[in-house]
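Pasting in a structure now, in structure tokens, and then I'll have a few things to ask.
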Amino acid sequence: MLLNVLELVGVVAFAASGALVAVTKRLDFFGVALIGVFTAIGGGVLRDVLLGITPPTSLNTWRYFTTALVTSVVVFFAHAAVRRLRREILVLDAVGMGLFASSGATIALDVGASSQAAMLIGATTAIGGGVLRDILVNELPLLLHRDLYAIPALVGSTVVVACAAAGLGANTGLLVGTISASVLRLLALWRKWNLPGPRHVDV
Amino acid sequence: MLLNVLELVGVVAFAASGALVAVTKRLDFFGVALIGVFTAIGGGVLRDVLLGITPPTSLNTWRYFTTALVTSVVVFFAHAAVRRLRREILVLDAVGMGLFASSGATIALDVGASSQAAMLIGATTAIGGGVLRDILVNELPLLLHRDLYAIPALVGSTVVVACAAAGLGANTGLLVGTISASVLRLLALWRKWNLPGPRHVDV
Amino acid sequence: MLLNVLELVGVVAFAASGALVAVTKRLDFFGVALIGVFTAIGGGVLRDVLLGITPPTSLNTWRYFTTALVTSVVVFFAHAAVRRLRREILVLDAVGMGLFASSGATIALDVGASSQAAMLIGATTAIGGGVLRDILVNELPLLLHRDLYAIPALVGSTVVVACAAAGLGANTGLLVGTISASVLRLLALWRKWNLPGPRHVDV
């Protein structure tokens, strides 16, 4: 139950971040809706395609899609107000990211993926939507050159795999994984952690 | 039979539009062929991957691929002449778009997808090729900021789902869906309808 | 055995080329690692998704992923030294490309794909990683406008399909396909072969 609520919170945060980028790019109504929806459910669609779960759950059920669409429409009409909530969205986005990484890894283990596949596909679930958003709006994906985002996602999915290997229940893994990933992400935002770039690049 | 002809007409129109973009970008022979083929069959490949139909039909059979390839080669050598047919290509493209949206939704229902998945995957079939084309040539996807294209596609796939829900045969749905989507697209082109962009964007 | 070694050689060459591009774009540590890994295993992931092999082998086993990751980390720290090996990397890359095209086609035939699908999916295995790399770093894919790369890949997968049709064993196809593709690619590099662009483009 709490899980379901948190999942929708994550969808709202992802859709809002995607739709805001689309507004900034001055896309039309459909473009804003599409980018918002893609950002929110793109990671889950990628996860399901990689796991052979077809049609992907987020296309096959109403919940995620509708939540993402409504959020994007709200952002289209009220983007100035939403932009003032940037801080709050970042926090919710961190929670959503942690949850998607952990639930992605859990689902992967459920359908018989190896530990490594569960780690990678879990992280893909969390970062896939943002990468698709950046590809669609023709930007260098943010997580490639700024922001500690993918590492926390990998930590979350790894914690899930470790919990499963330790014989703990799936719910424990989901909980500990989500908290680890989200807290690490929030710490990175708060302390402005960045990964180093390469040294001495002469192009 | 008519359906098969229309499908190939759609493939020709999509391949021609893709190849023309590639020529404008001064890609080489292979680039023009690849972009033309991708634009024509990319939407169908995406549809099949999302539905778990592997290998995708348009890779597994000769018809679509060969038609797309021949069209792209013709455009490579005769792009100036083809460009003069821009208007005619737009009309054929509208027919192809309507048909792909409707046949995509029909196929999705066939393999047991939900109504929502059929609507979304039908529309994806119609717009996927164009989005892949724009991503490959490194442009902001056209449908995100100009042109009423995705809405007619969604209308087509929705009509198919509605016809199925009403107990009408698949052929009726296909016909009514294709006509709705194509006519709406042609009206949008003719009357220069556009979706509004967001207001008051200060970046 | 030799095959396994060659495969890992190909993974190293692909990862190194991807990571070098990422360094040039001044991506951070994670960006370099991600682009290197994507370039190396992206083609195989695409192949498996198109063939319905889920989770994709290169995500499900450690070998490819770990090799790609270690290579990318080495490039991150020693990119200047690696760059001096550009010539050697190009040769290894040609071998990897030929092998991936041939093994991709072999795997496709194994799971019951048609001849055409095997040719196309084999070539996709070889070129997919490089195209994903260029899309992620927001560049026009190299193979669309320079370099004879995709044609040798198609030659390799076609040779595999022809060998299978002629009743030769899978190993023969793999060997002849790899050699044909790699030699053609090396010849193209050595003689600076390029495909012609379209003539008289007035944009």
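For this structure, a couple of remarks:
Labels for the chains are A, B and C, by order of writing; each one numbers its residues from 1.
One rule holds for everything that comes next: contacts are C-beta pairs under 8 Å (C-beta built on N, C-alpha and C of every residue); 3 or more make two chains touch, one makes a residue touch a chain.
Since we're looking at a predicted model, the values are computed, not measured.
The angle of the rotation carrying subunit B onto subunit C, fitted on C-alpha atoms and rounded to the nearest 5, is 120°.
Here subunit A and subunit B face each other with different sets of residues for the most part; under half of the interface numbers are shared between them. As a whole-number value, the distance joining the C-alpha centres of subunit A and subunit B reads 29 Å.
Within subunit B, the positions touching two or more other chains are listed as 49, 52, 135, 138. In the complex of the two chains, the subunit C residues touching subunit B come out as 49-52, 108, 113-114, 116-117, 120-121, 131, 135, 138-141, 143-146, 148, 150-151, 194-198, 200-201, 203. Across the complex, subunit C is touched by residues 22-32, 34-35, 45, 49, 52, 54-56, 59-62, 65, 76, 79-80, 135-138 of subunit B.
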